[in-house]
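Below are two complexes that have chain A in common, paired first with chain B and then with chain C.
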Partner chain A sequence: MTFYLVRRVAIGFFLLLLMSAIFFTLTRVTPGAPVSVGENPRIHQEQVNRRLHSMGLTDPNGKPYTVPESYVRYVVALVHGNLGDSYQYNEPVTTLLMQRLPNSILLLGAALLVALAIGIPLGIYASTHQYSKADMTTSIVSYIGVSIPSFVLGIYLLLIFAVFLKQTPLHWGFPLFGMHTGGVDDPVDLLVHMVLPVTALAILQIAIFSRFMRASMLEVLHQDYIRTARAKGLAVERVNYKHALRNAILPIITLVAIAIPQIVNGAIITEGIFSWPGTGQLAFQAVVDRDYPVILGVVMLVAAGTVFFNLIADVLYAVADPRIRY
Partner chain B sequence: MSDLLRIEDLHTQFHVHGGTVKAVDGVNLTIPAKATVGLVGESGSGKSITALSIMRLLEKNGRITQGHVFFHGQDLVGLPDEQMQEIRGNDISMIFQEPMTALNPVFTVGDQIAEAVRLHQKVDREAGLKRAIEMLRLVGISDPKRRAGQYPHELSGGMRQRVMIAMALSTSPELLIADEPTTALDVTIQAQILKLMRNLKGEFGSAILLITHDLGVVAEMCDSVAVMYAGRIVEQAPTEELFASPKHPYTQGLLASIPRLGKKQERLHVITGSVPNPLAVPPGCAFRPRCPIKAPRSDRDIPALKPNGSTAEHLVACWQYE
Partner chain C sequence: MAQVPPLPFGPAAGGLPGVPDQLSVETTVDQERAIVQPGVKSDELAGAPELGFWRLAVIRFFHHRVATGALLILGVIVLAAVVVPVITGNLYSIQDYRHPYKAPFQNLQHILGTDDLGRDELARLLRGARVSLMVGILAVVGYLVIGGGLGALAGYYGGWLDNALMRFTDIIISMPFLLVVIAVTAATGGVRLSTVIIVIAATGWFEIGRLMRAQFLVLREQEFVQAARALGASNTRIILRHILPNALAPIIVSATLGVSGIILLEAALGFLGYSIPPPEPSWGNMLQNFEEYLLSDHTYLVIFPATALVITALAINLVGDGIRDALDPRQR
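What follows is the complex of A and B.
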């Protein structure tokens, strides 16, 4: 197990290095530049050159670094824990991420928890009442939930509950972490603001989790050992919740392990609709601005999260399933 | 001997795509206390469904439509679930054909045996585990303490079937239903498991309903035997009597198809034709299309199971003896 973990961590670092190379190259070969006369004719080429130099894109003689040269400079800074400075905000990327991350974690974390708390029991219920009216209804609603993109759902939710019914606030200049305000000082107000975006994000995940849980549970319920447990004289509920659930929950671990790093990623479109200053919005604006360090900062953070949580999932497997040993 | 289990006119049907399958179609069978009764027949003849009907463990699309299963005079058909749960695993235990998949992969075998003990004898975890270890030792597993802490995937097929037997007998049931307990095992392991079951039967005094398609197993284990065909019992007799003078053409065919040592045979005897489509069983005797005798009336009426042999215990359902 120790050897396995060491090997996995080593592979993880190698993967992150590989990903940094790929994404670094991709951002640099994308057309456009952080500053150019072409985009803003009112500035002088001299100013542009000075700016490019201050961004670390040219050497002291004003000659632009090649992509491999600048990648090496990036990686050297990265191993020192320096993600660079944002071109747009003139602030370290780490500072920006620390401002935005809590907002995304709050929003997407809440959505994930809500989705798990509703989706998993729903899936279990549907499987133990297969073909019942409740099961059919869950299936149909899940299907609709999977089919509606969250940006469509988000806009309609805002339109119905905030504009027509005036029950929830329009998302406009409310206090959150970072940005212009010092932080959250009114939890009730925060919760009220969270209802719609969390709903928009959770519906899709509820649909996915419940479908997955139902299928996994149904597969287990047809296993021979379920009949053995019944033949022992155990009540149906005990068979379902002890013998079946313990086996059926195993594949769900992977699903959750993939979902957790997405929290860090933020939700680009949903955050946009609800003016939620999370990492998704930060990343989107960074792409528009060619703010290379910020783009890479967000991407690398998600990559590291994915690698880390996949490792956690594999360790959890070994804990939950005695057949798996490393 | 008093009757432990008495099945009367049992009908079990399954609703499937395309119609209703009469998997068990009027079975009568009696199991005396401490006796070993064999139930033989080919795949699809309804032996396993008979067993699952006794346990009331049918899949959702299956239903007992008629008949009774008296256990100590109490009818199990229609018994409330709570009372049935007290009987299952306590008074009547069951072991299954597939030892590889019949144990839950995420719990230790000790815990799985102890679960039955704790459930029915209302003892604590420690006492349950102690009983589990004792049972593992009784079924011939060496180092039972260590084995009790292992998971099913760490045991071989033969050992898993021993674990299943330990689990089934841990509550000292009066009836053990063994559904093809050795079919999935190697021949040498089969012999060991059968020997074990015989020994433990002496120790625990349980009656056994042994379901098999292996007549050799029947000859070795059973006091009496019932032969099933297409959901009905066609012949029933004490084991020796049945092997010595089979009466039903199907039983005769079965016994004739066993190769014998020392007897030179060019080809083995076969029963021509195949089992009727369960969705379209012919009227009259279901065996008639394959029957060499084709007795009169067998095309219209189903023959009843009654004494037609040399003794009152030898029952057969065939019109040729009317």
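What follows is the complex of A and C.
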């Protein structure tokens, strides 16, 4: 187990390094210079050089770094916890990320919890009542859920609550989006702001979780030991919720680990739509502004998070299921 | 009744004396043809008709009412996207500054109204459908070529290729897909549709790759493959003629569902301004100004593209699931 963990962590670091190399090269070979000379004739070449140097793109003599050189510099800085400066905000990327990260964790965590709290019971119910009306309804709704991307869902939600319900008390006006007021000091206000973005993010995951849970449950319910338990005369509830559920719920751990990058993906646009000041919105804006250090920073953060959560999922899996050995 | 030449081998050869030979006594002309020429339809044979796997699958698919309906809707969308823009020409780009924001369902000239620049919304939607479908189909072809090819080779030969494929998949899976596509698109300079397609194909093929690998891993150990090898078939022949046809069913399902995934991804990219550039409409970039439209109460400009997207994705997913049920009846 210890050896396995060490190996996994080592592989994780290697993956991150490789990924950063790929992304770094991509952002460097992108056409367009960060400081262009031709645009303003009143800017001196000397000023441009100074700016380029301050951005860490040239050495003190004004010679531009080659891609491998600057990548090594980037990695060295990365080890020191420095992700470079944003072109747009003139601030260290780490500062920007740290400002936004708590907001994102709040939103994504809430979305994940809501999805689990609704999706899993829904899937269990659908599987124990296979082909019932409730099962059919769940299937249909989860179908639609999978086919609506979170950004379209976000737009639909805005359409309904901000435009169609304008004359009703249910109206969710535009100033209510994002954390314009209150923040953590005003939990009720915060919750009100979270309802729509959390819904937009959670629906897809609810659909995925409930479908998966249903399939997983059905598979277990058809196994021999379940038949044995039933034949012994155990109560249906006991067989379903004790014998079957324990085995069926295990794969959900992996699914949650897979869901995290998906939610982050959805969050990039959803946070943008709802002006939620998280890392997703930061990435959204960085994409629009072509602010590559920030994009790179977000990618690295997400990748590190994914590697980490996959590791946690595998360990949890081994803890939860004694049959698994590494 | 025609005489059948005695078969060179098999139980019926010659026939036992006194026992009437099945073939020579009871066969009709059609039956003979079916036996002598196996390629000819065997429907007319008495008893249970021998249908092939694919024909049975087609029959099963059309017994599935929802899937058939979805296929019909999809057919209408594809037909409209292919045919209508040819007739209307460049209507989608003709601006009419005197009639911006014309409400939908008011006159026949602009059935779905006009957008902020007075361009016909219906023409733009159909033009956008073209973009979506083209990206979806071409990128999936890319998935199949790259993922299918590499997956098959990795599954069949194993070794370093297999290892490399699995590690690469690990990397891709842990990256935020949207940002990857954006970074690559930006790096290849300028946003063109061809770039978007290539980038999506190059970054999204791994799912089909893994599926294909898993199929090949299982199938290469089976008796019929061993038999083929024992008969001296080359690796190429075994891969293409023996394993591939048997590995196809889940790949087809995954590819179908992949099309809807790509269409949604392309829309998200267009929404962020990283797909086909503005004069050309796509469902994604038509939603770019959604805030403006919502605030000015021109909600139809948001509803139409968003709903077109959802209906198309839903229809493709339903068709895909119908195909899954048809190909693998055990999974129901």
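We adopt the following convention: the second predicted complex is superposed on the first by the 286 of 326 C-alpha atoms of A that agree within 3 Å, B and C clash if a C-alpha of one lies under 4 Å from a C-alpha of the other, contacts with A are read in each partner's own complex, and residues count from 1 in each chain.
In the analysis below, a contact is a pair of C-beta atoms (placed from the backbone, for glycine too) under 8 Å apart; a residue touches a chain by one contact, two chains touch by 3 or more.
Remember, predicted model here, so these are calculated numbers, not experimental data.
Visitor: With both structures lined up on chain A, is it a clash or a fit for chain B and chain C?
Guide: In the superposition, chain B and chain C stay clear of each other.
Visitor: With both complexes overlaid on chain A, does A:V264 touch chain B (first), chain C (second), both or neither?
Guide: second
Visitor: On the A-aligned overlay, A:Y156 touches which partner chain: chain B = first, chain C = second, or both, or neither?
Guide: Touch status of A:Y156: second partner only.
Visitor: Scan A:L18 for contacts with chain B and chain C and give back first, second, both or neither.
Guide: A:L18 contacts chain C only, not chain B.
Visitor: Return first, second, both or neither, reflecting whether A:Y241 touches chain B, chain C, both chains, or no partner chain.
Guide: Neither partner.
Visitor: What is the contact status of A:V287 with respect to chain B (first) and chain C (second): first, second, both, or neither?
Guide: The answer is second: A:V287 touches chain C but not chain B.
Visitor: As a test of reading the superposition: which chain, chain B or chain C, is in touch with more residues of chain A?
Guide: Between chain B and chain C, the winner on chain A residue contacts is C.
Visitor: For A:T306 in the superposed arrangement: first (chain B), second (chain C), both or neither?
Guide: In the superposition, A:T306 touches chain C alone.
Visitor: Considering only C-alpha atoms, give the closest distance between chain B and chain C in the superposition, rounded to the nearest Å.
Guide: Result, nearest C-alpha distance in the overlay: 12 Å.
Visitor: Please write out, lowest number first, the residues of chain A touched by both chain B and chain C across the two complexes.
Guide: none
Visitor: For chain C, which residues count as touching chain A in their complex?
Guide: For chain C paired with chain A, touching residues are 170-171, 173-180, 182-184, 186-187, 189-190, 260, 264, 267-268, 271-274, 287, 290, 294-295, 297, 299, 302-303, 306, 309-310, 313-314, 317-318.
Visitor: Please name which positions on chain B make contact with chain A in the complex.
Guide: Going by the criterion above, the answer is residues 55, 57, 81-82, 85-90, 93-94, 96, 98, 101-108, 115-116, 119-120, 151, 153, 164, 167.
Visitor: What part of chain A is in contact with chain C in the complex they form?
Guide: 11, 15, 18-19, 23, 26-27, 29-31, 143-144, 146-149, 151-152, 155-156, 158-159, 162-164, 174, 258, 261, 264-265, 268-269, 273, 283-284, 287-288, 290, 292, 295, 298-299, 302-303, 306-307, 310
Visitor: Give every residue of chain A touching chain B within the complex, in rising order.
Guide: 223-225, 227-236, 243, 246-247, 320-323
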